[in-house]
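Shared chain: chain A. Partners: chain B in the first complex, chain C in the second.
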Partner chain A sequence: MIPMIESIIGTVLSSFIVVIISTFMVLVLDFLFPSYSRWTRMFLFFIVLTVVLLPAFEHLQIIRSITQTIATMFISIYPLLTASILASGGSFSMLNFQPAMLLFANGAVILADKILIPLLSAAMLFDIVSRFHPAVPFTKMADLLRTTLLGLVSALVAAYSIFITAGGTISWALNGVTSEPIKELIRQNVPLIGSFMTDSLGAIGRYSSGASVFIGAWLIVTIWSVALLPTMKTLLTGFLYRWTAAIIEPFANEEITGLLDDIGKTLFVLCAVSFLVAFAFIYTALFTVILVKLITVAK
Partner chain B sequence: MRGRLLEFMTGVLFITILSSVLSLLLPEDMEMEFLPIIKIAMGIWIIHSITAFFGHSLF
Partner chain C sequence: MALFGILMVTLFQLIVIYLLLLIVSFVSSSLRPIIYAAIFFFFLSYVGMTIILPFGKTFMQLFAPLPDPYAKLLIGSVFLFYFSEVIVKHVSEAGYESIATIAHLAVKIAILSLWLPQISALIDTLSKFIIK
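This part shows the complex of A and B:
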């Protein structure tokens, strides 16, 4: 966990240091040559854009590639799964398998790939345009896109949770006594998606703790780390954007800090999207595990 | 939908970059006179995109 955090901070922080230093240089230049302030502002904007946009779009691409992998996995595993249900007959009925859930997960993956990612990048571009040229603002449109996507994703995940709890596939709920204070902490400190995050984490925990009856704990740990690593990375990067904006706010242009803040917000929404994707991934892994278990039990 | 979005975003970016480069090159007192033209261009582009999205053509 610690090396991962170090590597993320190492890759992202270097670009933010460039932002901080160039902002300070522009401050000095503005003091020395006040008549060129328009040009320095433009150059600063371009420097910040080239340095800062790369990590954000990298995360967009990571999430997109993950969703495509998951969609392929779902499509490849579905015939095997149905065949095994037919072959094993009664033994599978205790699992109360729901095809609707599979459909749901697949639909969520397609939604993320086809709608969420383009609209998120559009929101990011709208933010840049409205900061770059304040006379022609698009802030309302960017805000609308973000909140709409967030509402869509949280509604999907809420429906997911209802499927899990009402389906009664696994009724071993995670004991909430230990995790409740941490949940409250996250809920209060992460704006917008905090409560949604803890809810989805709880749902993942419920589901995976039930599956640990079938398999060892090491596999659960693997699933958790594989599915949640990109999400945590995105969340941490979003926090770094907002952190940089907070640090340079006293001496930088309002446009630069606002741009960093907006990109941070967009990355938080992307984090919510990748939570949805992590859900889908965990379902895939669990179905695979149950399938393997079934085959070995049948033998 | 994706192609339309891409087209719209490209146009918006193009107008923004063009207008900011022009306003950099122009003297400062002309910037205020130049601003309505940028707004008109952006308005035309947005209305054109909306009508094209619903299958009509502005021009």
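This part shows the complex of A and C:
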């Protein structure tokens, strides 16, 4: 965990130093050759776009490929799963695993693969275009896309938690009175998606506490960390982008800080989308594990 | 200190050249353009060798921590543009503006073609979003 955080901070910080140094270089060049200043700005933008935004682009690619993998995996194993549910008979009725929930969770992944992530990349491109060529701004469009996506994802997670509560499993500790201050802390301090995060973590936790009776806590911890790792990475990177934009604001020009800020926001929304994917992954993995256990016990 | 000495010497040379040109235009005004052009190129090459190019090298070393081709490319293209602009200005002072514009356009295209690999890499990265 620690080396991962260090590597992320290293990449983003080094690109932040690149922004500072290149801004200084451009200032000196503008002073020496004022007639070339428009082009120097343009090339500065190029440098920022290729060097600094590479981590963000990579995160988008990673989440996209994970989503595609999970969607294909689900489509290929779903007939098998339903067949084994039928074969195992009534033993599922005592558990809180509705096949409809599985279908819903993975349908969300397919939705994310087909609609949400393309829309998010469109928002990113709109941001870049409107900063690169301020005469043709698409900022409102990008904001609209982001808020729509966030609303859609929040609605899906709310539906998850409704389904799981209807199943009536044991509530997880995050919903207890003791953890209320932590939830409030996350809600206040993570911009845009704070309350969404506590909701979805609560939903996942509620679900896996029901499952831990059957498969043991260590497996749940493993599945959790595997599924949530990309999400956490994305969240951290988004934070670092916004932080960088805040630090360099006094001396970099406005286009670059605005671009970094926008990319940070987009990464937050990407983090929300990847929560959906993580949830579907956790649900499918636990479902499969419990199914295998049931079948082996029955024999 | 050495650089400061060179700068002072250059300033002195500039004054000497100015006086020389004034004398030439007084003695024979028909010879003035060709002597002016010769002195201009001589002075430009001298200043370029002693001040501008060494300064450019120091400048590049100063920004070596930037990712590899960018600092070199940016500084190099700026200096190229500067030399081209100075020569164009000189030629158009002599009254041959149209030729100067052609040369300037050529230099601009050369600068852009230096940046071409970077631009195509950027376009590749951006188009990955659109095309799966």
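Here is the rule we go by: the second predicted complex is superposed on the first by the 280 of 299 C-alpha atoms of A that agree within 3 Å, B and C clash if a C-alpha of one lies under 4 Å from a C-alpha of the other, contacts with A are read in each partner's own complex, and residues count from 1 in each chain.
The rule is short, and it goes like this: a contact is a pair of C-beta atoms (placed from the backbone, for glycine too) under 8 Å apart; a residue touches a chain by one contact, two chains touch by 3 or more.
All figures in this text were calculated on a predicted structure; none of them were measured in a lab.
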Superposition on chain A - do chain B and chain C clash or fit: fit
Which superposed partner A:His133 touches (first chain B, second chain C, both, neither): first
First, second, both or neither for A:Gln61, with chain B first and chain C second: second
Which superposed partner A:Leu49 touches (first chain B, second chain C, both, neither): second
Partner chain(s) touched by A:Val18 [first = chain B, second = chain C, both, neither]: second
Partner chain(s) touched by A:Ile247 [first = chain B, second = chain C, both, neither]: neither
Touching partner for A:Leu27 - first (chain B), second (chain C), both, neither: neither
Touched partner set for A:Leu111, first chain B, second chain C, both or neither: neither
Which superposed partner A:Arg38 touches (first chain B, second chain C, both, neither): first
Larger contact residue set on chain A - chain B or chain C: C
Which superposed partner A:Met232 touches (first chain B, second chain C, both, neither): neither
Distance of closest approach, chain C and chain B, by C-alpha atoms in Å: 5
Contacts on chain A seen with chain B and repeated with chain C across the two complexes: 39, 122, 125
Complex interface listing, chain A residues touching chain B: 38-39, 42, 114, 118-119, 122, 125-126, 129, 132-133, 135-136, 138
Chain C residues touching chain A - in the complex, by the definition given at the top: 59, 63, 65-67, 70-71, 73-75, 77-78, 81-82, 85, 115, 118-119, 121-122, 125-126, 128-130
Contact set on chain B toward chain A in their complex: 2, 5, 9, 12-13, 15-16, 19-20, 24, 28, 35, 38-39, 42
Chain C-touching residues of chain A, taken from the complex the two chains share: 17-18, 21-22, 25-26, 28-29, 32-33, 35-36, 39-40, 43-44, 46-47, 49-51, 54, 57, 60-61, 121-122, 124-125, 128
